[in-house]
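Let me begin by presenting the structure, written as structure tokens, before commenting on it.
Should a chain be cited, it is by its letter among A, B and C, assigned in written order, with residues numbered from 1 in that chain.
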């Protein structure tokens, strides 16, 4: 049987050859990896606002490679290293996302790279 | 192309105008936001048992607004602020949920509102 | 209306009668519970590498009972009790998973059983 999964080419040079996919499409749904504030060179940018904005931009690029976009989000899960950054998340979200808004879960966890302040993953729909 | 997402009216007065949806339906699946123990006035109730019960009730209301219910859960993810509350979760779950049971992930994380002891999100199926 | 969910028999003797399902299939998608490094007797094995390998094996067994497998993963979420275990996760993943790789989120959280070092859940596609 043909593999029903569609794995797009990675949208970031640093992600080529990575042992995970930035996004996987199955049917009309796209599931992404957790995206952080890594720039085109794979370096973390500084500060929570910049990392949140870049995480969303990287999420958008990953979705677009798979046929979805930030405008077709169904669900996002936001992991903040510091729970006190909730207000910054709200501010960035208000600036970047538009209705109809996705369902959202936001919690605070330790993250796995030094200096990483946030990670965001998503489910979106093609279209 | 018509937006394939169905965004129901928020089931809670305090959620009107919120920059996220309590639930989003796409096809036959419903994805919810993380629900906490917030009452009709948007205030947290006291204690882990009351918060867990109300989180599940709010999850149910969010699902019902989208055409699903606690009886059609596919997956729930439970975030507990205190890992020692696992036994309370088990007790409340046994009291509220019935078979066939959803797949479940339960972990302990910091939560983003003062006094919030649990957060639960879900994927369910319409019907 | 017939329940669209397919709940397979639990693949582990210790999971019989548990108040959650190891996996739930709906349409072509399978959602699993968080799997840990529990052996056939329901006992945790020792050490992060052994727990990661067994978590993936248990994830595979749960998926296979529902018609999917580790070869049809769409998304995995990895919860590590210790963020310093990222390198071990990478090593085990490289050894167990093969392309096309799933989308992946990995964070560090407290886990709910004494001695539990990792928990992994998944979305996969039937086939």
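Odds and ends about this structure:
Everything below uses one rule, namely that a residue touches a chain if its C-beta (ideal position, glycine included) is under 8 Å from a C-beta of that chain, and two chains touch if they have at least 3 such contacts.
Computed from a predicted structure; not experimentally measured.
In a homomeric contact, the two copies may use the same or different surfaces; for subunit B and subunit C, under half of the interface residue numbers are shared, pointing to different surfaces.
One copy, subunit A, sits rotated relative to the other, subunit B; on C-alpha atoms the angle is 120 degrees to the nearest 5.
Centres computed as Cα averages put subunit B at a distance of 22 Å from subunit C. Among all residues of subunit C, those that touch two or more other chains are 27, 29, 77, 109. Listed in rising order, the residues of subunit C touching subunit A in the complex are 27-29, 72, 74-75, 77, 80, 83, 86, 90, 93-94, 97, 100-109, 123, 125, 127. Of all the residues in subunit A, the ones that touch subunit C in their complex are 1, 3-5, 7, 18-24, 26-27, 29, 31-34, 77, 79, 109-113, 119, 121.
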